Each structure stands twice: as C-alpha cells, then as structure tokens.
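Okay, so subunit A shows up in both of these, paired with subunit B first and subunit C after.
Now for the complex of A and B:
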C-alpha cells in the first residue's frame, strides 16, 4: 500500500516496538528505515548468507524456515534479522514471504547505532526476545 | 490533431504485442532489446523528444554518474561500460559508448545537455522509433489484453511496460507544504540572490540546490529528521555525493550554511513576508523556529502510475513504487512490467543495507535487459542462446567476470553471472541474472558469481553454488588491493568449490 508520511508515522505509532517514541522520534525512524516490498515466495533472510538487515513488518506475513521446515509465522508489527546482526553471524533460519510483504528495513551495520539512539526501542526488543526465549523453553 | 497527421506518425493507436510507455533511458533501453529480439512493440511518450528526466534535471546541469573518456580498456569492449555509466547498451558498434564522444573534457560527469544529446544520438544510431506527444491517460482490462487510453487513441497489448520514471513531485502531508515550492520548481540561481533559503531534505537533490545556490543565498538551512549520510562513508552511491560536500565545509566553518537534524512540524507564512518553519530537533526534542524568504521541498518523487493501482497493481511506500518480482513484473498483475528508475522497487539482496544502482542509468540499463529477456522467454517463447562452456574454462571465466564485468560492478550483490551445471546438457552460460532469483529458485544445479561490498568497504567476489532442488550456498572469495580477483588463491578455492558440482557434468 502507498502511504503518506503521516500515515506511515501513524502506523509506526501503533506498533509495539515503537510504542514509546514521540512523534518527532517516529518521524526520524520513518526517515532512517527504508520501505521495501517483497512478492510471495521470496526469501528475505537466507540461512548462512552474510550481510543481512533488520526488518519490521508493516503488512503481510512471512514464515521462519529452518532446513526447509516452517517453525513460526510473523506478521504486522513483528521484526526479524536482529539476532544475526547482534551476534555477527549469518542467519540460522530462512525468512520466506507467505503473503505479499511490506517492511521497513535497516541495514545491518546501522542497527547498533539505531538502538543506542532509541533505547526504548532496544528495551521493547529485549522484552520481545525474552518472550521468545521463554516460549522456546516451555 | 487531424486524422492524416495521426496516421503519419509512428505506432498509430491499435493492437500490439507489447506497448512501452516512456522515452527516457529506461524506455529506450527496453525498446532496444525488444527490437534486437524481433519482438514487435510500440513506444509512446508524452514528451516531444527523447531524454526523460534528463531533458530538465539536474538543475545545476551536471550529472552524478561518471563517464571516463580515458579508461584502461577500449571503448568498444564490453568492459568499458564500467567506466561509462551513461551510455545505453547496444550490440552495434555505432550505437555503443556514445557518451564519451559528446563530452567537452571539462569533467568526467557529463553535463545535462550532453546527456540529453547522448540519448538522442542513441535513438538515431540504434534506429529506435518513438511516438512522441502521445500521453498515456488511463488503463483498463479487456479480456486478456490491456487497453491504454492515450491522447492519440487506444493501444491494446498483451504486455505493457511502463518506464515513466519516479518523476512526480512528492510533498509530505505536513501542514504548510502546500505553501512552498518543490525542487522541480526551482528558479534560475540568480533569483535567490540575498535570500534566506530553507531546504527541506538532506538527500542529493537538497545538497545539489545548496551547492548551486551557495554563492547566491544569504543563508541556507537544510533540515530533515535523519543525519545526512555521505557516499564516501557508506562505500556506495547511498548518501550525499562527494560533488556536494561544499555545504558541509561551509557549515563547519560557520559560513552561513546550517545542516539541521529536525522534523518539520508545520510551515506558515510569516507576518513580514516569507515563511516561518516550526521544527523539532531530533537530538533533544527541542522546538526550533526558523524564518526564511524561500522554502524549497527537496522531498523526493513518487511514481506517476495513474490508475494502475485500480487495475490491481500493488504499490508501496511514500514513493508509490509498484510491488514487483525479480524481473520487474507487477507482483499482483501479471503482464504489467516496469523499467527505468522504477526498478529501484526491487530490493534484491541489499547486503549490509547497500542498495543496488537501479535508480540510475548504469543499473537500470542492465535491469531492462534481464526484464526483456524474461519477457521474451515467458511471453513469446523465444529461446536465448546458452553457449556451452568447457569444464576447464569455468573457473577462469567466473573470476574474469568478477574482475571486469560491468553488470556485476554496477549492480553489486544484485546481478550475477550464472552457469547451469546440468549433468545431461553440460555447462551452459545462463548470462546475467538477478542474484536473488538465482539463490532462491529451485532450479537445476548451477553456479553464480557476484561482486559485493561489505560493511568495511571491502570489495570482493561472492560465489553461489546451487545443487539441484536445494538452496544456494554462499562462499566469499578473497579481495585484492587492485581489484584483480584472478589470484592463485581464488582459483584454488573456486576449483575446490566446483569440483563436486562439475564432476558429473560431462557431455
């Protein structure tokens, strides 16, 4: 979907990851991250590939696929790519689009600075990662 | 317009297998390859002459893409394309490398009129035909055909290719932007003499204006929420180009340029004339109010896709780019394709966040070729040559491509040279392909090589080996200080990588 600047900022404000940001901060996020679109069936993260990025889903759905087996689905508001960037290692899963996908993208090398600039986003990300860890160990 | 006159011009309204809309570099390059393959098509353009955006932009009259007249390779070689980002591609010697022949020697960045002349010369020497002054106005479906209504009448086609640029001024919906002028409305430089200028946007277009108006304006403020990036720091064409760094130095010395990280809250007319711009600074959230005589929104462009979204063409983002496949086909309406700068909507691998150069001629010209070849194969059943390669030549060929191929250097991590390794058919040259397509499709066994830049700016080859029905595996090869990747070390590593994959490929 095409969005105006204001519509994009409104949408970002509704996502949990960015819920603590002020409007000017949301505008900054909207300028720092780029909007991208992927057709169904395309891999966005690839197991074992270098140079990956960080993605926040605006619309659509992806499958998390490990060795050809789907282990999870992600949709609007979910994010992916942070693990391999934070660890400095290639992804251990493929991310494959299962519905036409619109995302915000940040290049891997920019993620650390982005999180330092927006500590509330870092905190929200940490909470989400903690929940993933808890669910995985149940 | 009289009926007789309509009929004298090329491509009268009617039914064609393919209709191409646009006569900028994207439309012309597309038409060239369609013609080479013998695919009948019409080219229509709202403009009166070829050139697209280069008929008007950039304002300050010099491009950001180089053409180096004196290169280490001959101009007739394919390798020269890496040194000449502005000529369109052609097989005929007379239509190749036109740009360097038209430059006056004052810069390796051609002037706008030189670029316009380059495109006009291409049309003539490649024997292309365009119906000018024919404006595409609306689109509809009629059974299996697309119907393009134009100022000259209706065009029906099986495949429609839109090369209409990302050319429509984009203004944010922030209050007050309706009061100010867009980049495209910039006047001659001298009319800004002594003015206090406020430029919204810190991409290249904003800095192009700041650089061009530096000696005219009394004060220049540039503002946008995000700090400006410089291309010399991003190791790519992403960010403000080196040609436009003068305003940074001026700011650092306190010369009257101010580069602010701030979001614009609203713009209003000031009581004494001019404008008052209300900002929130990104660093600390503090309010800042700036007065200016002139405000220019260098806020980018969007796609003039008219009613294509009503036809089902999905678009995304603030630029309204179409959602596309790796071959620039609409992801939602098969048969509708895009060429030229619109191709930047296909992200590809975007390793380390570095985008391809699809928004520029030197990337889009190769994208047009991969798109036309795909159209030829899938819509017209045209089999393209797939020359056989001897197994003992493969390693040298791959490393030679990584060292010199203009497609791989212009479209890093985006286009690759691919070879299929089919046990029955031998090693076949599959040409230049979209890298994301190669690594994701479950095709036959194959190998592809690309050139990539990492986060430290190191440029190196990357090899992708695909076994039948399995995802490709990535291997990075060693760099070289002089970018010659044909080293003993790389030969040994590549030979070892391919040993298994090519072992069974004997015809």
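Now for the complex of A and C:
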C-alpha cells in the first residue's frame, strides 16, 4: 500500500500520539519517518538483540513476545521500539507481526531529537507509558 | 531543617530526573517545590487517592506498597507519584516512609508546566517511566 503524502498526513492526524500536531507539523513527521510494510510472521525486533528503531503502527497488528510467550498485542496508533532506544539496551521482547503490518519507522539515533522537536508527541508518549506502567503493575 | 531555594536547587541537581534541564527550569523547580518530612511508618501517598503531586526523596527511604505487599523501596534521588500527575488517575500504590525521610513535593500543575516548557525534563521522565515499565515487565516475565 503506497499512500500519497496527503493520505498519510490524514492518517497521522487520527493517531493519538500525533493528535496535538498542526497540519505543517504532521507533514514534517510524514517527511521524517519512513513508511514500511511487513508480512505476517515477521520478527521486527528481537529480544536480546540490538534495537533498530522506533515504529508507529498505521495498520495491522503485532504480538509482543517475551521468552516465547505473547504478553500483549499492539495495533493502529500503538508504537514500539522506544524502550530499547531510550535505555540503550537490547529489546526485552520480540515484536512479531500477526497481521500484515504498515508502520512508520524512525531510526534509533533520531528519536531523542524528534521528541525534543515535538514536545506534544513526547507528552502523549509519556501518557501512553504511564498507562502501560499501570497495566503492567496491576 | 528549613531549606533555602538555593539548598533545594543543590539537592535537585543531584537527582537524575532533573539532570541536564535548563538553569531556568531548575530555578523554577526549586522555587515551587516544598520540603516535607515524614516519620517512619507515616504515609506520604495513599493508594486510591487522586494524586496532586510528584515527590523526590532528598534523604531517607520509602516503601512502595500495593495493598499490603511491599513492591519497591526507593531512596535518595529517586522519585514517585508521577503517574497520577501524568494521567490524573488515582494513585496505584501507597508510599510509606521506611525511615525518617525528607522529600521535595512538586504540585501537579507546576510539574506539568515544567514538562511543557522543558523537553529535556520530559525526556528524562520518559526514560524513568520506560525503565519502570521494563522492570515491571521483567517481574511479570519471571
């Protein structure tokens, strides 16, 4: 699926992570991040190995798998890869596609700068992490 | 012990959460943060209550309790209470002073204003949360 820039920006505006961005800012994000697709059954991040980037799901679904056990599913609007980038440690989970997946990808070294440039995205990420932490400690 | 704004700034400078934030943010932080002391066994926050602030431990240590289970111990330089500030939901744990503890309390509105104005602080906070999510996940995984 190759979206036009216009379609991509429309889609981004519907994702919680980018909900506070203006149209020009969304266009910057669309320009900065690369659209990628993965077939079912593909391992995008590997537990214990070096992480390769930050991913935001546009469409499809992945399983978060720790030691072979599925601990969560992520779908449209969810993101992954940020933990190992920000901590500078290998991923603690495999991320495996369970449905054909379209994502936006940002290279690991670019994430901090990207978040600093977009404080509202950072705050949305903070909220999402707070929710994840609440769920994890329930 | 009554801390001056300068004392508070010096204490906050050693806290990883505030590492690398702007001098202006640090000054605001020290000006608005209030020092509180707790005796052993005294509750600082209670599970189920809506939180109004973040706490940074300046001395002593605290126990994090979920129900009656101790799920973590925190000491000098560590912080707690951030979840309620970020998502405005009730506290998911209680925190009790394990020994005499001095904390700096930062009100939600002051913290949110600082997070908005200083991306470095937000980034530090994200890293702190990511680390906790990871630790929680490790506990779940084993």
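Quick note on the criterion: the second predicted complex is superposed on the first by the 137 of 138 C-alpha atoms of A that agree within 3 Å, B and C clash if a C-alpha of one lies under 4 Å from a C-alpha of the other, contacts with A are read in each partner's own complex, and residues count from 1 in each chain.
The criterion applied here is as follows: contacts are C-beta pairs under 8 Å (C-beta built on N, C-alpha and C of every residue); 3 or more make two chains touch, one makes a residue touch a chain.
Every value quoted in this text rests on a predicted model; they were computed, and no experiment measured them.
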Task = Judging by the criteria at the top, classify the pair subunit B and subunit C on subunit A as clash or fit.
result = fit
Ask   = Of the two partner chains, subunit B (first) and subunit C (second), which one does A:131 touch, if any: first, second, both, or neither?
value = second
Inquiry  = For A:112 in the superposed arrangement: first (subunit B), second (subunit C), both or neither?
reply    = second
Task = Determine, under the contact definition given at the top, whether A:100 touches first (subunit B), second (subunit C), both, or neither.
result = first
Ask   = Once the two complexes are overlaid, how big is the angle at subunit A between subunit B and subunit C (Cα centres, nearest 10°)?
value = 140
Which superposed partner A:16 touches (first subunit B, second subunit C, both, neither) = neither
Message = In the overlaid three-chain picture, which partner chain does A:39 touch, first (subunit B) or second (subunit C), both, or neither?
response = first
Task = Mind telling me which of the two, subunit B or subunit C, contacts the most residues of subunit A?
result = B
Request  = Once the structures are superposed on A, label A:48 by its partner contacts, choosing first (subunit B), second (subunit C), both or neither.
outcome  = first
Minimum C-alpha spacing, chains overlaid - subunit B and subunit C, in Å = 16
Key: subunit B residues touching subunit A - in the complex, by the definition given at the top   = 172-174, 224-226, 261-263, 265, 280, 282, 285, 302, 309, 314-321, 323-326, 331-332, 345, 347, 349-355, 413, 436, 439-440, 452, 454-455, 471, 473-474, 476
Key: subunit C-facing residues of subunit A, complex   = 66-67, 69, 71, 82-83, 86-87, 92-93, 112, 115-116, 119, 122-123, 125-127, 129-134, 136-138
Message = Quick check: in the complex, which residue numbers of subunit C touch subunit A?
response = 66, 71, 82-83, 86-87, 89, 92-93, 115-116, 119-120, 122-123, 125-127, 129-134, 136-138, 140-141
Note = In the complex, the residues of subunit A that touch subunit B are 1-8, 22-25, 27-28, 30-32, 34-43, 46-53, 94, 100, 102, 105-110
